[in-house]
Every structure is written in C-alpha cells, then in structure tokens.
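Labels run A, B, C and D following the written order; every chain starts at residue 1.
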Amino acid sequence: MRSALRAAALALVVGYCLAPFLWQVITSLRPTAELMSLPPLIPTRVTGEHYAAIFHGHPFLRIIANSALVAAGATLLALALGAPAAFALSILRVRGRAVILAGVLGISMFPPIATVSPLFLVLSTLGLHDTLFALVITYTAFSLPLAVWLLTNFFGAVPREIYIAARVDGCTAFGALVRVVLPLAAPGLLAAGLLTFVFAWNEFLFALTFTATEAARTVPVGIALFPGLHEVPYGEIAAAAVTVTLPVVVLAAFFQRRIIEGLTAGAVKG
Amino acid sequence: MKLERELDRPLWYLLPGGLLLVVVTLFPLGHVLWLSLQRHSLLHGPPRFVGLDNYLRLAGDERFWNALANTAYFAAVSVALELALGLAIALMIARVRRGRRLLYGVILLPWAVPTAVSARMWEWMYDAEIGVLNYLAGTHVNWLGSPAWALNAAIAMDVWKSTPFVVLLLLAGLQGIPRDVYRAAAVDGASGWSVLVRITLPLLAPVMLVALVFRTIDAFRVFDAIYVLTGGGPADSTETLSIYAYKVLFQGLEFGYGSALAVSVFVCVGLAALFYARLMREALR
Amino acid sequence: MARIRFAGLEKRYGAQPVLAPLDLVIEDGEFFTFVGPSGCGKSTLLNLVAGVEAPDAGAIYFDDDRVDGLAPGARDVAMVFQSYALYPHLTVRENIAFPLRVRGRARQEIEREVGRVAEALGLAALLDRKPRELSGGQRQRVALGRALVRRPRVFLMDEPLSNLDARLRLEMREELKRLHESYGVTTIYVTHDQEEAMALSRRMAVLAAGRVQQCSTPQQVYADPANLFVAQFIGSPPINVIGGDAVRDVPGAAPLLARHANEPLVLGVRPADVEVHSEPHAGALLAEVTMIEPTGSDLWVVGRWRGQRIKGHAAAGPRVEAGATAHFSVPPERVYLFAADTGARLRGE
Amino acid sequence: MRRVSRGARALCLACGAALVAACGAGGPAPGQTVVVFKHGKLFGDPAPLRALLDEFERQHPGVVVRDETLPAGSDEQHQFYAINLQARSAAFDVLAVDVIWVAEFAHAGWLQELTRLLPPAERAAFFPGPIEAVTHQGRVYAVPWFVDAGLLYYRKDLLEKHAFPVPRTWEELVRTARAVMAREPRIAGFVWQGKQYEGLVCNALEYLWSNGGGVLSGGRIVLDTPRNRQALAFMSDLVHRFGVTPGSVTTATEEPSRHVFGQGRALFMRNWPYAWRLFQDPGSRVHGKVGVTTLPHFEGGIPAATLGGWQLAVNRHSRQAAAASELVRHLTSVQAQKRLALAYGFQPARTALYRDPELLAAQPLLQVLERVFATARPRPVTPYYVRVSQVLQSELSAIISGRKSPEAALAAAERKLRKILADEA
C-alpha cells in the first residue's frame, strides 16, 4: 500500500511541476480559432502556425540570439574574473579572506532595483543604452559574487600539496592555476558557469531598463512585452515561451548533476 | 642567478573581479545613496541637494507603506509555503532510485524557466474569462483582477517557480546525512515519525536556514513576476517596493525620490540578511 | 648537486617562533634527515627550502647562490610529499613528464628521460594508468619518478613513506637508499620516525620546538645523545629514565655521580644495554617483573624498581615470569647522566 | 592584467566593435544640413513616409532628412527623450511627441517655440483638443500630426434585432445593455479598459467630462466634486450594481476588451479607432455587424472623449531649428496629412480633411470620427502629468475593484494631487 501512496504522491509532484508548462505547449499548438474558447480542453487539431508566426513576424530569433550571447558572455567573463579571485581566496590564502568572502556574499544580496537607476543614467550618457555590452557587464558583475563563492568552495577541495608540487615543478602561481587547479576544479567551473548562465538567461529588470529595441532585447523582456501595438497573440506568446524554455530545460536536465552540485556547494557550505 | 621576485601576491588575482564589482555594484549603490539626498527629476531642472526630504516624503507616503506591506506579506507567505512544500517533496523523493535523473529534470524545469516567461504562462492560466484554472475548477474568480486574490495569485506562481530550488537544497542536505545514522536509529527501534523529528529535521536545520535566507532575500527583491502578471494593480494591491520604485524612477523619472525607495528595498534586504546571519550563527553553534 | 647552507634561517607565525635561527651546512650529495615530533618545525624548514614559504630572517644558499628569494620553480628543487601529490587528472607518464614539459623541454628529450626513470623505478608497465588506478607503493614510486626525472640540485622528501604499510615501508626504504647511492643528489629528508631517520641518513638533526637539539651521524646521536630529549626520542624501545633519589642507589653510578653530588640528576640507560637475569648478578637492580614482550628475535622484560619503570633485555637461560622478581644489570659504562632541570647531558671525565 | 584569459579579452573587443557599428551610417556630405526626424515605429510600409521626406528634400536643396525610429512603447520613448533632452543632446531635430508630454517637455525648456508655425488664425484648421494640448502658457510648442480619441463601438445587428436605438446617454446604455443581456445568451453588456494603467485614466475622464466634471480647472485641482462623485459611482456601478461590465475589466487593456467584442461576446465597447480596421477584416466574427459613434454622456452632460495621438515638435538644442520647423510645417500640411491618412490609416489633425471626398471614400469612418474628435479633450495639461496620472491610476483602480468608495478615492486623490502641485511649485 505504501508504494502505491508514494507513487501517487510522486505523480502529484511531477504534475505540479509540469502542468503549467504542458498547458503552454497545448496552447501553442492550438489553432487560433479555438484559442479563445475553452470547452475543448485538448484542441481538435494541432497547428504549427504560431511557431511559424513568431519567427516570421517578430524578430524572435534575434532576441534568442541576444539572450544566448549575453548569457554566454557574462558566464565566460564571470568565470574569467571569478576563477583567479577564488584561487587567491582558497589556495593562495590571501590575508583577510573571511572578510572578503563575507563582503562578496553581501554584494550578492544587492537588490537590482537599488543600482539600476545610476547604472541606467551612466550607460545612457556613455551611449551604451540598448547594447549587449551593457548587459554583459552588468550580468557579469551581478553573478560574480555567487561564482566566486562557489569556485572558492570547489577550489578548496583541491589538495594544497598538489598546488605546491606544481609550483616546485616549475609553474608560476598563474601557471599552477591554469595547468593544475582549473583542470581539477573543472566540475566546479561547470557548475558555477551553469548557474551564471541561468541567472543571465532569466534576468529581467536590467534588460527591461537597459534595452529599447531588438538590437539588445533579451528573451524575458521580449516575451513580457511581446504584443505589438495592436495584437495580443496568446498563441504566439505560448509558442515563444515554449521555444525559449526548451533549450534551458535540456541544459538543466543534461547538466543537472552539475547544477545540483553547484547549488549544494554554494548553499550547504553557506 | 638573478633574484627573480615572483609576483605571487594574491591581491593581483582579486583585482580584476574586485574592480568590476566596485564599478558596477558599489559605485552605483553609493550613487543611489547620493541621489536619494537630492531633488533630481529629469523633467524639472538640475538636481538640488535636499538632505533627508525624500526620506521624510517616504515616511509620509501611504503608497510606500502599502508597497512595504505587500512585499513583506509576499515574502513571508511565499517563503513559508516554499519551505513546507519543498521539505515535503524532498522527503518524498529522497529515496527514489529508479528514474531519479528524469525526476530531477522535471523538478528543475520551473526553476529554469525565466520568471517573466512563467508569468506570461500563469497570466494566461489565471484569465478570468478563458483561463484554464477557472475552467477546471468550474469557478469564475477574477484571479489577477481582484485585490483579494491578485497578490496571492502572484505568490502561487512564485511558489511554483521557486519550490524546486528549495527541494534541491534540502535533497543535498538529506544526502549529507550519513546512511549509518539511519541504520543506528533503526536498530534503536525509532519509528518513521520520530526519525523525522528527532534526526532528519535537526540535521537538516542548517540547510533549511540557508534555503530560508536565499528565498527571503529573493522574495524581498521580487519584480519580474509582479511587473508581468499585474503591473502592481489592481488598486496597488500587488505593488511591491521594487515595482513602486521602478514606476517612480522610470515613468515619473524622479531619480531623487526613486533612489530613496531603492534604498528602502536595500535596507529591507540588508536587515533580513543580518537577522538570518545571526540566526545562522546560533544554529551552527 | 648542491652544498646547502642555512645562515641564521628563522621563521615565526606572528609572534610565535616556529623555527629558531638555524646555522647548518649540508654537504653536496649528502642524505641529511631532520627528525622530530610533529609540530617541531621540520615541515616548515622543508617549505622554506622549497620556497613555498618565505623566511622571516636569515638565508639559504645552494653552493654560493642565495636561493631564499627565488620562486619554488626557480630553485631547481624536487619534492616528494607524504600524500604523493600526484596530478589526478594526468596519467603516470604525464605526471612524470610534467616538470620537464613545464620547462619547455623538447618532446624526444622528455620521452627519453621519462623512459629512463620509469625503467629505473619499474613503472614501465603503468605509464598509461591514472593515479587512482595505482597502489600506495606504486604512487610513491611515481612521485619519486617525477622528482628524479629533472635531475634536480636538491631532493626534498616530506615523510614520503608514512602512508605505506609497514612491510612496504621497509622495502621503499631500501629503494630510497639505493636510488640515493646511484644518483647521489643532495637530499633533505623529513620524518617523525626515528628508526627510518637512522636507517637512511648519513647525518641527521633532531628538532624540537623549532630548535636543533643535536646534529651528527645516526650512530653518534644514538650513542652520545646531547640531551635527555634526544636520548628519549632516538632509539626504540625508548631509553629507561630513572629520576629522583633512586639515581644515587643505582649500582656502579657512583663514579659518575661524584662530580655532581648536589645537583638533581636523571639517569638514562638503553633497554638493549640492560640484561635481565633470574638469579642475582653483579651490579644488578632487583625489580618486580610487570610484563614480558616477546619480539621474535629477543625478549623484553619490564620491571618496577623503586616505583619507576625499567625495561631490559632477557638473556638466554631460565625464563623470567611476570609477577616474579628479576635482576636488571646496569653496565656503568652504558649509563647517561642528565641534569634533571635542563635535561642537558652531563659527562663524567 | 595577464590574468584575464584571452577569451574574455576577445569578447570585450567583439562587443566594443558591435557597439561602434551600431552608432549608425557615415556622416553627411560637406555643406549639407542634416535634419534628423525621430519618431515611434509606424506600423506599416515605411515607403510613403520616406516619399514625403524626399519631397521635402527636393523642395529644400542642401537639406537631407534622416528618419530614425524608436520602440513603440510609450514609456520607453518618454525615457529616451527625457534622458537625451536633459543632456542637451542635438542628435535629433524633429521629434514626435505624445499628447501628454508637450506640457512637460515645454516646461523643461526642451522644445522650440513654434507659435510662428501656428499663428492663432491658423489654429482653427485643427481640432480644438490637440491645440489645447500643444499650447503651454499661451505659446505653441508642437503642431498636431494625427489624432486619436475614445469611441463607442456597438453591435448594429443586436440593437436592430431587439429594436433599441443607439444610446445617447450612459443611463440609456445601461438600460439597453441589461435588456439585451437578458435575451442574448453569454454576452457582456459593455466592455472597456479597467486595468491599473494609463488607459484607465482615459476611460474615467470620459465619465467625468461627460458629467460636466474634470480634474483641473484654471491650473487648480477641482476633483472631489459632487458631479465627479456621481460619474465615478456610475463607473463603479457598471461592474458592481448593474453587472453590465464583467469583473475582469480590472485586468483589461485595449486588446483583451477588443478580443471579447471581436469574438461577438459584448454588446458595447469603448476603444480607440484602431479596432475598427480590425473588425473590417472579412474573417472577423463581427464583420459588418459593428457600428461606431461618440461616447454617451450623462443626462444634461456633454459628449466627451479622451484625446490621444502624436504631435511634431522641434528640439530646443537643434542646430538646424529653421530647417526643422520647415519640416514640421511640411509634414503637418494638408497634402502630407492626407497621404499619411491614406497610407497608414492615421486620423488627420486638420478638420478640413474630414470632408475630403477621396479620403472619405477610403475611410468612411472619418465622418463619425469628425464629431468625436470635435469633442475630444486632452488629459489634464500640466508639466507634472506623469505624477498626476500615477495617483489617478491607483485611486480609480481602487474604485472599480471595489476596494474604495468613489467618495473616499476622490478625497484621497484630491489631497495627493494638491500636494503634488504645491510640492512642484
């Protein structure tokens, strides 16, 4: 009996998590005529018109490309800046590292609203308004604290003797970082990178304020402000939402062990 | 051999990251604090130093207090639900072996979907006339349109989106508990319930606390969900601090008063963080 | 090769001295050991020579070159660690080749050198394995290979054998000695195992609380300890120590005591020099036997004399039973005298 | 900084290059003055507008007109102009300004005075509402370009079927709606925009004005009056007492209400003229069944509609003010407005065009729209409109969501608006 109960509970959990997304998929395949009427829960016939529409009418491909570029850029930069910092904090054991780490964690708590207006003013006057560059820099800065925190934990797992061995074998400190520490902490880099990517892929407030046209508009803003002047195409919004969710879901499912490692390393050691 | 002094000082490694953080985070925060002491509206002439006027206006602004109340309510209820639901789900799936990867993938889905996108999904489901929730429940509730329901509808969406995060943390915490602790409990004849209360929960407390901190701070910063779902309406019943600050800053273009609002959000988040930091230190002792 | 000279080398962690000023010379090609209990500063000294830590005062010279300012990689020093510190993500071949590749040596040269060292250490069959697929002994040999391959001026070994099981440890000890003889690289060996130190080193220094207690050949340190600490630390089973008034009653000690009549004294005699007889024996102490320890090659007897513990070596003849009494002979010429307060060695002229 | 890996450095260069490229095409040829015309994205083929600009270039040799678009969102355009004008930018010369910004921008000293283009004699050629919107302290700061206003859509077929005339007063509308709702299955009486946003202010003002009330009079807040209370009570009763408007009005903007009416599930609708064109589509479920007229008014009140649309102004910091003014005159001329009306379905700001046979043939709706635009009134013309609107939005939303009584909401709104005006003075 217990196993039946457990199976039912599991089904409930899976249903709870999937239902909204499944309904979105159904809506995206529902013909426009049936879109607004609900008696038929499952559409009588399935149509790909909405998927065609979003890539035809709206610069949707460009928006997805923007998001991917910004998220990848921010991830690379966050790792490129975060790894050396974490290396200094964990293996080089810089003095005052507990204070630095606490400060970094403090910064990660900043609410975006607190810094969005001055950033907006500065970026506008620098003519960086509505550019991908502005988003990359902002996202890197806002995901750096978490990245440094995670990487410090992951680098901490690398035995110190191995670093000393590399130094004695002739590497400079930087050489040891690149040749020995980074390869060994690769899973950590991947976990931190993934979390940064998902953060940048999901971010909304900065994207909303810093972008104006599809030159830099990202997915969350693109979908939030999807309707044109006159149209609220619910079918197309559903299609857009599904199109945007799939890659991230695949990413998450594929790298889920890494993501969980990242979350736990960050949190459990928190 | 010449005396080659290797530049090994660690500070060089902290410099690039630190510089970026200062320029893009600390400096703007300082700038906001400075702006909040000025009467700086883009539309009405050059900025003028006015000291604490903005904060006095803040204290007297009933819309600020309404936003603060909404934010606190949103944070308290959403975090409580997320922890309870998260714990239940974590305990339920902790011992699943078959199809564990698939299960984790499904659970990760809500967390992976951008909040703005899931807000559009839920807005479609919440529609009073053609929404699926009303259709399935046979009700005709104006979820996003009535002051009584709107904020709770937003909370429900946030719970759907953030519970996976809590589940994953707690699962990690559960895996952290060594197997033989449970074997010892079994030997001692402890039953399911007492194992949960006397062993699992106490050992899970630190991780639950971490989940609590992360979620509370995120909940206080909520913006995306509300902006897309209701825009703060109806009748300001879902207007949170971030939303009100955004309206003052980017619609009214009043950067002085808007900055004071932004500072208030920062203070709330700071207080919550400090409160939890102290709680965490006690819990760990 | 290199002649290592420490000139007033000193290291403190905050105000707490970790290594008192050290002046010492290690000859070229010598196998020199620092031995002492954990926390005595021996690992710090090794780190100073390796360049991983910087001294607070003093200098280190390899021949005439001052090296304490140099980066670890620039000192041409090789190091073997207690935990082996192999690169887990690299194969055995890549591990051994690592120091050469980092220095940008040519590919053929690297292959040749790695082959040579692998042959010498019997690792030829394991070259393509990853460290986690090897046994403790094999990993230790790979660590040695990584150190040998670059023909360093100095070898540093930080308790390399302590992670191995007892039998393998003895085997590796012989291998280390053989390798040293064939390569003759100046080696600084650090261990807490005094037996190992004595077996391996040409000269050794006993360290305690960051200060060198004695520095000379193993035989000298064993036979002529500079103070009570050295006497107790070196030699197993540990030296018998008799203190208090009982010292004066030890037969045969009189001539030694003559010159130090009024000082509080401590007397030490090595169990190996004490023979135990069931019948009375000239110059022997009568003690009640508390425990018998057979070790195959010989039989150790532990007794209680005037409330103090004494251990001796049972000679052939009738067996001595626990609980009975026995005679522990103390040869005056094998007795050491120490000042009770400072532990300094007192020598009779 | 050798630590930053080559990857990161390459990335920064790539973004930097993208930034430079985005700055726009090459500079003008020497000796030519370039007039930059900045405006919101026009939905439709850009060619007709370009043709007008080319014509201007032919008439003014040596002048080149560059046309730059902004995103459609009103907030975003507002931010863009405010940021650049406050920073005294001269990157654009002619700008298309929403009706509610003119007073704000003029007060901030960002617009060139254009009274010369629109002397009092010439103003009669335009509808009175837009003229009032572009005048600040007696001086003209923009020329109306095209006009928008709130309309009443009704189901001609259902009114004929149940023999009801087109309602002239709000009371009549409610009576008709309730009667038809009783006989027609699953149909809403009257749908409009009630979400807490700018649209709600447009809807509410139409009740206030049509009952003789309002917000501002002579620069002073006159809100908490019996007429206004009666008007907003009616607005609330549409939902809570008469049941003519569904409760979901509190989340409705232009599109959702247009969907409900377009699906044939509503008798009356308040919306902008753009919806009419969508109902002309043969595929629409209400094709041929829709009538349009001016919005009803209260007994003894006057018809009124909230004014929308765009005006053309000249940037105060523009270095080619003369050429820019000429461009404004050209684009707001009768011929230009006619061609734009034909190309994009804009409603001209000049009254004469509403009797132009060619235009009437293309857009029969213009006949009705003429009467509507004649009664169209701008939202309270004040430099602090954005703050005024934010207060109105939340108080009006409180009324229709039943959270506050009209009396309480109006009292609170009056107090807050007074404070804003005192604060800003």
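Everything that follows uses one rule, which is that contacts are C-beta pairs under 8 Å (C-beta built on N, C-alpha and C of every residue); 3 or more make two chains touch, one makes a residue touch a chain.
Note that the structure is a prediction, hence the values are computed from the model and not measured.
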Go ahead and name the chain pair joined by the largest number of contacting C-beta pairs.
A-B
Report the chain whose CA-based centre is farthest from the CA-based centre of chain B.
C
From the Cα centroids, identify the chain that ends up most central relative to all protein Cα atoms.
A
Whole-Å gap between the CA centroids of chain B and chain C
59
Rounded Å distance, chain A centre to chain D centre (Cα mean):
38
Calculate how many whole Å lie between the centre of chain A and the centre of chain B, each centre taken as the average of the chain's C-alpha atoms.
16
Could you grab the centroid distance between chain C and chain D? Build each centroid from C-alpha atoms only and quote it in angstrom.
92
Could you check chain A for residues that touch two or more other chains and list them?
36, 81, 84, 121, 172
Multi-chain contacts in chain C, i.e. residues touching at least two other chains, fall at 71
Tell me, which residues of chain B touch at least two other chains?
6, 8, 13, 16, 250
Would you pull the chain A residues touching chain C in the complex into a rising list?
159, 161-162, 164-172, 175, 179-180, 183-184
Touching chain B in the complex: which residues of chain A?
6, 9-10, 13-14, 16-18, 20-21, 23-24, 27, 36-38, 41, 81-82, 84-85, 87-89, 92-94, 100, 104, 106-107, 109-122, 137-138, 140-142, 144-145, 148, 172-173, 198, 201-202, 204-205, 208-209, 219-221, 223-224, 226, 234, 237-238, 241, 244-245, 248-249, 251-253, 256, 259-260, 263-264, 267-268, 270
Using the touch definition up top, name the residues of chain B that touch chain D in the complex.
12-13, 15-16, 42-45, 63, 127-129, 142, 144-147, 230-237, 239, 247, 250-254
For the chain D and chain A complex, residues of the former touching the latter:
2-5, 7-8, 11, 15-16, 18-19, 22-23, 43, 70-73, 76, 80, 83-84, 87, 254-256, 259, 263, 274, 278
Show which residues of chain A lie in contact with chain D when the two form their complex.
36, 73, 76-77, 80-81, 84, 121, 124-125, 127-129, 131-133, 136, 174, 212-213, 215, 225, 227-232
